[in-house]
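Here you go, one structure.
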Amino acid sequence: MRQETIRRLFSLALLFTLIIIFGTTSKYFLTPNNIFTLLREAAVTGILAVGVTFVIITAGIDLSTGALVALIAMICARLLYSTTLSVPVILLIGAIIGILAGSLNGFLVAKLKLPDFIATLSTQGIFRGLTLVFAIREHGVISNKVIQNPAFIILGGHINGLYLATIAFIIIAVIGQFILRETRFGIYTYAVGANLKSANLSGINSDRVKIMVYTISGLCCAIGAFFLAAKMQSATPEMGIGLEFDVIAAVVVGGCSFSGGRGDVFGSVIGTLFMAVLTNGLYKYNFPAAYQIIIKGLVIVVMVIFDSMYQKFMEARTTKAKKLEDMYAQGNGPETGVAQ
Amino acid sequence: MNNDILLSARDIEKSFSGVKVLKKVNLEIRRGEVHALIGENGAGKSTLVKILTGAYQKDAGIIRYNDTEVELNSRHDAIKLGISVIYQELSLIPTLTVTQNIFLGREKDTAGILNKKSMRKKVIEIMDYYGLSVDPDAIVETLSIAQRQIVEILKALTFESSLIIMDEPTASLSSKEAESLFNIINNLKQKNVSILYISHRLEEIYRLADRITILRDGKNIAVLEKGQTNPTDVIRFMIGKELADTSGLGRMRRNDKNVVLKVNKLSCKGVFADISFEVHEGEVLGIGGLVGSGRTEVLHSIYGAKKYDSGEILFNGKPLPSSIIKNIRAGIAMIPEDRRNQGLIPLLDITRNIAAPNYDRLSGRNIWVKAKEELAFCKEAILQLDIRPNNPEIQVMNLSGGNQQKVVVGKWLMRNLKLLLVDEPTAGIDIGVKEEIYNIIEDLASKGVAVIVVSSDLKELLRVSHRIIVLRNGRIIKEFNDGFVSQEDVLKAASGITREEAEQFEQ
Amino acid sequence: MNNRQIIKRFQRPLILLILMLILTILQPRIFPTASNFKSILLAISIYGVMICGAIYPVLLGGIDLSVGAVAALSGACTVLTIVNGGYSNASVIEGVTIGLCAGVMVGLAHGIIITNFRVPPFLITLASMNIVYGITQLLTNNLVISCLKPKSFTFIGGGRLLGIPFPIYIFLSMALVSYLILNKTIFGRSVYCVGGNPVASVLSGISSKKITVASYIFSGFTAALAGIILASMNQQAIAKAAQGYENDVLTAIVVGGTSLMGGEGSIQGSVFGALLVGLLNNGLRLMGVPSIYHTVIKGAIIIAAVAFDIYSRNKNSGLVKFKKSAARIGKA
């Protein structure tokens, strides 16, 4: 059986174990209502995860997604509140901001060669700060205005229980998977992540690929922001805090590796559902929010360790001739692995 | 007239920072022939190959391809003409499929969307035509090294290459895998693809090559037709000495002092097997063999830097733990092959580098560094080894290669050594400094230190060794412990033609 | 020492001086006062203490992003122990010990995971930041737990000695300790070795695993100490106590010339970085720049500092390449 298939089955096994646990112990869990809500909750994380999947396949990371969602949502809310622009125009502006912010990340990583986590951690701060700048104020105090524009709120609606956000998530995931597996750019994304040197030697412009993946992530943030703002019917400076974390957890559960070149969007969809089921289940059992934070953190730690062991196992199986460096590198943690 | 000549390179010259590496070298490859390019390390083979593939630009000379004069300014130029290289370290993307790798960078697509079927069809077509076989949908990382080589060859063939350059292709193949590679090469030859085959393994060259070009010190020495010559001649051409010439011979001698290190049936699966030898006090044991023959790995296993599967290593009669720290305390030291990445900490100054393994002596059990002693220690080493510049505060990354190597040596000099392991002591070092390093090794040996030297430089091996063992494919193939030994003898053993075989051949 | 090194040595005090001069000119009545300087020092003393330990993982080429969360955890542990112990002096000792132990345990966990698995340190410490934050929330029940006595506790963060706030003493003495460890001990030497080239260090008999684990432990320890000072200063424990401090710590370290690639950097530099960030915060506040812009400005500073570091590294190595190719071209 192919390695990818094994990894995919592992993610699915995790998801179904969780579904079975919650499904058998809670009678509310498997009701259609709950499933629709769960899928709606999953949608925003999932849309972001599609973009971040591209980034992580190139061996990068995007920590700015949560803050960018807040920034774009805030700008949209602000425009809805204080201008008479039509909704499509506002969405277009939001998308453009997402693209610009994403390409800024890409520029920092690809052209200025900043370590990806530093670059996106810094832009996270910048985006979060700008969110405050754009916040609507009354008498100097930030007031979270309710978005009342009906054309915008439609985005938060549903068709027979299936929320538009969920539908958008499905569409974006399919498009993402198609780009990744069926286009030239998709192949280049894997090539850049798995073997940068060879990719460059094959005539691939790896800087452009890197900028593109961060841009895709930025655009996904914009789309996620629309649906989040429409669902909440407002935008607050605190929205999306820690969202990047859910997204990263979803992507690693789905089989993307931080050393790059592995994983795909469908894996991340499974990961997203896993995280959504987990959140939903913990909520149903009235666990304090603190447990959610702890468990999400643990999921990342465990999955990253699993990933490292899995990589080692794969290497031992496939290549006998390992480089000397690798032999010593085992356990000499200080290499960040990303900062190369 | 030249219709059967595919590539001809005339009077190629190339120098690096004033040093001439290629001096009017000629190379001529016919259509559909396997042409071997051989020479010792540093003879200029790889420079010539890099010029042919556009990685370097020649300083002077003319390259004609298909009877037209060509300029090769980039890798792309070479590929466009139909020249492809298959390098030792394979350049595939491990997580992509065979087909995706073959077409990487020049996919067939419409508006960015891949035309997978047509690419797959093309791969199968080419495989059928040239008699190759590998699953076009397999993920590359699941393939063996031999299969990956086939993918590289396929990649070259989809470029419609008429010349494929293979650089030590059998270095990491088993003999069975090598055999199937030879079949592939024969198939390619029949389909009129030319192969430029670079290898140290003379037996392979003898089997495969139609003609052989021999380089030595950046000059053409000979172009030999198949059947025109025998392996002994080839080796003579490579080394450049007549058999009667005794200068540069190594005099082997045994020594009856205490055994410092005894290695017994040491084995590591897939790397080396059944390695047994002894080193005595004050003896320099040379280990010869081609790159990839397992020499370095044996050294690392002794040092405790690499695990082995079975066998034992006795140091002064006691088993040696596989812990670098304990071994260093016991008086063992290693000068690794890759100075920059394994020997030095480039950002730190000379003092810190030299002091790194010596704090147990400089400060004992104290946690504090005794800075004065540290500096004095370093100054002593600088003086003793004549490291230049002699400023202990200079970052080692700013030193020349020779002085960097002296710093690596300096780390161990004050340690009351019992056993010194040296891997390629003078790679990339000026001749003057080389001699200094040899003197240090000899000096240590005369003080009773047992030394093991691994080297690809035959002159060096003969110069410093008291005894020599030669490794081939991870096994000891030959030991020289008596009388005079020439470079030829070592090279024959290392490259797979023993004296007996050679004589057989001559008959 | 060549000219460039001399310039390098004095450029930092010069930058501080120029910045102070500018602020003095802009705000002559508020900025150059003893009380303002005291408040600057007090403000940086918390993350200054964190820096003293957090620089070690960075020198190894890793990073510890959990320092803020660890500080909150240790503050909560200390305060809870004191409250449960009836505000006795013995409970203060007990509380501080437990707080510090909590930090050490988190650091130990980081060290073990990072040395035994090939995982990016930023991700592990980022995940543990969340885990620790969650644990602190559970401990405090997500409430503000105030602790106004005993004096022995409130003195740590709020007391004065010779008119100077006590946390400043702690900061300066930690900086001294950290400086001594880094520059005068074998451990410090080993940190630079492992950060500069882990393979060569292992082959030279340096146990890079032990060094790495110890570094993350020390980082956890100083974060915990900072957390205790903060809790004492605010006379309360809260899960959100030191949120975002990792950004100030990171900014100060990076601005202070410590390379994120490892092997290069110093405590002096980081203290300078801390002073710079402190002055900047103070200046922005005095100039009336709304605090909402601060994160934006700090983000930009980190990007600029790291970009500069990477640019100068590339320029150094690029120079060699350039010379080689120039020689090649020259011959043609």
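Order of writing sets the labels: A, B and C. Residues in every chain begin at 1.
We take it that a contact is a pair of C-beta atoms (placed from the backbone, for glycine too) under 8 Å apart; a residue touches a chain by one contact, two chains touch by 3 or more.
Predicted model only: the values in this text are computed from it and were never measured.
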Would you identify the shape of the chain contact graph, picking one of line, ring, star, complete or other? complete
B-C or A-C - the one linked by more C-beta pairs in contact: A-C
Chain-centre distance (mean CA atoms) for chain B and chain C, in whole Å, is 46
Distance in whole angstrom between the CA centres of chain A and chain C is 29
Would you please write down the residue numbers of chain A that are in contact with two or more other chains? 324-325, 328
Numbers and ranges of chain B residues touching at least 2 other chains: 305, 341-342
Where chain C touches two or more other chains at once, by residue number: 199, 202-203
Show me the residue ranges of chain C that touch chain B in the complex, using the header's touch definition. 1, 184-189, 192-193, 196-197, 199-207, 263-264, 324, 327-328, 331-332
Which part of chain A faces chain B closely enough to touch in the complex? 2-4, 182-185, 187, 190-191, 193-195, 197-199, 201-204, 261-262, 314, 318-321, 324-325, 327-328
Touching residues (chain side chain C, partner chain A) in the complex: 57, 60-63, 113-124, 126-131, 133-135, 137-138, 142, 194-195, 198-199, 202-203, 208-209, 212, 247, 250, 254, 260-262, 292-300, 302-303, 306-307, 310-311, 314
Parts of chain B lying in touch with chain A, wherever the complex brings them together: 75-76, 91-96, 100, 104-107, 109, 112-114, 116, 139, 141-143, 145, 172, 270, 296, 300, 305-306, 338, 341-342
Contacts from chain A onto chain C in the complex sit at residues 61, 63, 108, 112-115, 117-119, 121-126, 128-130, 132-133, 242, 245, 248, 258-259, 288-294, 296-298, 300-301, 304-305, 307-309, 311-312, 324-325, 328-339
